[in-house]
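Two complexes, one shared chain (chain A), two partners (chain B, chain C).
And now, the complex of A and B:
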């Protein structure tokens, strides 16, 4: 069984947000409910201030604190290393949002993150919270794995495009959009990345390209001190895109 | 069994006010939740700030309930005879405040009914929220059993010590578990710490003493002369002393936590700057905790009914502020949201959230007043008045 993971080369990331847009379109996210996001921030002060950015999907941790705190096992770890949410079991207690150090979970039964509230413009038909005009085919709806238009009162998050990667041929080391027969199984954010800053593959396969990148370019994990052990690795040589400073700016 | 005198306290007024409070707040909350869902709350995934005033309300009343059970346990489990006159009232009020907590949580959860089957069947023993419903259920059942037994003729504290001990253990489990929910969160340093459950335990006991004092006065029309001798003796004897001791412990905890937090510089502990920079914190510490401690220490004021009542009310307000600061403070430092959010997450409870607080408060006092009308909460088994 694969242990899927992602590598993001920060030296290549241009902060273009194509990944964010691709994720939103692929997964029918509400505006602002960015399962995948690029966070912009600044460090330093004039004249040495720097604008920086940081691409941030769900880390699909090896030891996810969100899974341990979920009282219903609605949030769970799959055999192939994904952290998913079963919307049939989620009670909307939001403890997982509290326990996630990376802020990658969303409870959309709340004030709209972006005005106007499109849920009012495209009200939900049936069980879903809303009916986006660019809605993916209905057969993609898979509540057990947190895929599709979510119902109200549940938490949602990045699935690493479970609906795509779960159909990939068994035993492949990497899901690379440059391999024609595999491109349909590549997560949307990886496939759409214009500078090819993202790589997706099997972390348990020593021959996978992602493992080579992590070894050769000294991949690091975000907030590794939490013990969550993310399955997303960052490569950085100190260019514009980088891991944020360890301390937030004071106000 | 001694019975309550033909006393006419302000219970009818309390019941009427609480009933109106339940009606008005429930109507507003229900309309808001049915029409807008949880968008009626000002909590947000942006930040995120996921737990707002409803969780503050829930924890406040839950800890008040366990605190009242602790006070009752002084008589029921530990055999301190001084507390016999208020034990029954405390048990009933513990039920009332537990009901208020459950109401608040039910309206906060996305799928409260699903929780009834999804939590027990999950066997997710790693989550403190898995254990919590079991502890609360056991605690609630024990409260009901103890209260029911107390209304039976021939009830005797000494003969039912086992039941009292079981209730005390259940209350401790609930309070410790409530603290563990936050204390286990290593990724949020403002909350994290193995002593947080103990902190909850101390605050719970203090809120129990304050609530017990308040309702004892309410039950006798704020008039000590209307009280039975034993109840009056308690309020002029052990009660102010225990109140002061509990206050001293909580002040030490609040103060040392604030100083430690301000000194330390780990990411997330900026929340202590946010907390201490707020006037609410100083209202809580100086007016809500230190002033009542002074009142309960000074010989001239510690036995004065008006001073005791004022101290109880101030402490109850202070503990609510403290609970608010604690729950919100753990979330005010944003997690990886870039420069598009402020250094601290802004949060102001919505009208619906305030109404949910009013609803919980009204439920607590409505149930309490109902009990005061329906049962003889002043009865002191085995004791002649």
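And now, the complex of A and C:
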């Protein structure tokens, strides 16, 4: 059994949002409701304004607080270390969204979307919220693993592209788009990342590239004080060291 | 079948041929992990009923005594043979309730024969008392319950329900002479049928009518409740603002499991109990006892997640929305005092008083009121606490970005 994890190198990430777009196309997400997004904020005023951005997939925690609180056990941890939602069991109570410290769960029924509402432009057939014009193949409707067009009344989340990685050959250490025979199994955001800031592999395999990166570049789990133990690690060599002191952000 | 507006509840046999039916969507532990209710399994005298995760298991050897159904606070289980709509014409003496193991010839004429007296729930005892029309109710104790597989133990199997029913009836002014009581009518154990006769042996009911009987029991309860219940506040509650054109109410997309669990299920047992008590209380110019109406208190720690309302099994807690504000309302008549709300509140903002706080509460009352504001970041409407300008999700995102920024520029910050 693998323990899939992701490594994101913040020094390489340019905030281009190719990952977000890739996620939207791959998972038929409604506009603005992508399972993977890049958060942008700015603080302060010129000349000391700072722009912050942050790529955020689901952390697929080792100790997911969302799984602990789910009243119907709809959200669960798989043997491969993924946190998934069974849409057959989810009742849309949104407890998981309150419990998740990273804010990576989505309930889109009551959110005002950009006008015009695409749910009206491309009405859903039956149970799906909408029928996207770039619809992924039908065989991706897999409610037990929360894959497919999100039905109304349920919470959805990043699956690490379960429909791809679950078909990968057993025992591989890394899913890297540069390995031709594996590229079809690489999660969409990882495969699409232009600066190659994302890596995906087996955290339980000591020989995996992701483990080497975490060890060599001191990978960090964010908000570790919550005890959730994310399986997404962030790398940063501390690029800020090169920012001249007088122009460095004051926090 | 009842042709009322409410769809009649559907009980499914726990296994083919079993004498126990379950309405899974009403069962507390099947609905939510915040319930640890195990009363039916504990009540089973022969230990053949278990819950294994999301599955009920009924092993061989079920007696059909109905003791599991009698203790279910939701009325989610049903066993045929306890319907009380067949009471004979009034007579001078008390209405007798007899065990089915007693040969029919030995039962007094006009007696109500049930599979086991221990299978009578409190509400059924009340309903029988009501239909006895001031004659009193005599539960015939044949003296062999302690040796019967469905009985066992020192106390009579009906004792618990009987004490509760008597206390409730006293509280609504029923005279002592009219209260149900155990009447000792010893009979030789040799006369007893070896096991509780099934419906077909009893003659009144064929195997084919099993489900019909279950449904009738349930619909009787529902129609009683509907006739007497006050107009629920939830009728005017708005599920959620800005619901998309395919809100889940209309879309009907879920599997039966999800759909059933999503909707609150009124407790049939409680509906039946309050319907009878209200009628008796009105007859005697009294009010049903205040201790029957639990109270919920919400502290200022409430952040309007509305989880209590979404996860309340009976819909006693519900969301209401008015112009510019939103909150949780409470309808004590629906509350079965399971206490799940207090356990599941992430803010620990709920104080639950199962016995009420003295005095009959309002039929439905608003517990919280939160002003609504638009999030400065994402524009979504949220319940504002204090001066907050950002919704919970945006606050979370900001904290995360900050953590990421500090990580990235940790060396650059002096």
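A few comments on the model shown:
Simple rule for what comes next: the second predicted complex is superposed on the first by the 234 of 251 C-alpha atoms of A that agree within 3 Å, B and C clash if a C-alpha of one lies under 4 Å from a C-alpha of the other, contacts with A are read in each partner's own complex, and residues count from 1 in each chain.
Note that in this section a residue touches a chain if its C-beta (ideal position, glycine included) is under 8 Å from a C-beta of that chain, and two chains touch if they have at least 3 such contacts.
If you're wondering where the values come from, they're calculated on a predicted model, not measured in any experiment.
Upon superposition of the two complexes on chain A, a steric clash is found between chain B and chain C. Of the two partner chains placed by superposition, A:162 touches none, neither chain B nor chain C. When the two structures are aligned on the shared chain, A:92 is found in touch with chain B and with chain C. By the touch criterion defined above, A:65 reaches chain B but does not reach chain C. Of the two partner chains placed around the shared chain by superposition, chain B and chain C are both touched by A:110.
In the overlay built on the shared chain, the residue A:233 is in contact with neither chain B nor chain C.
Applying the stated contact rule after C-alpha superposition, one finds that A:50 touches chain C and leaves chain B untouched. By the document's definition of touching, of the two partners only chain B reaches A:42; chain C does not. In the superposed model, A:199 makes contact with neither chain B nor chain C. By the touch criterion defined above, A:126 reaches chain C but does not reach chain B. Stretch 279-287 of chain C is the one among 9-17, 135-143 or 279-287 that clashes with chain B after the shared chain A is superposed.
Residues 39, 41, 53-54, 56, 69-73, 89-95, 97-103, 108-113, 117, 152-154, 223, 248-251 of chain A lie in contact with chain B in one complex and with chain C in the other. Contact residues of chain C toward chain A in the complex are 31-34, 54, 240-248, 251, 253-255, 257-258, 261-262, 305, 307, 310-311, 344, 346, 379-380, 392-393, 396-414.
Every residue of chain A that touches chain B in the complex is listed here, in rising order: 32-33, 39-42, 53-54, 56, 65, 68-74, 89-95, 97-103, 105-113, 117, 152-155, 223, 226-227, 244, 246-251.
Within the complex, the chain A residues that touch chain C are 10-11, 39, 41, 50, 52-54, 56, 69-73, 87-95, 97-103, 108-113, 117, 119-120, 123-124, 126-129, 151-154, 220, 222-223, 234, 236, 238-243, 245, 248-251.
Residues 37-39, 41-48, 50-51, 109-112, 114-115, 118-119, 121-124, 126-130, 132-133, 181, 184-188, 265, 267, 270, 273, 330-331, 333-340, 342-344 of chain B are the ones that touch chain A when the two sit in their complex.
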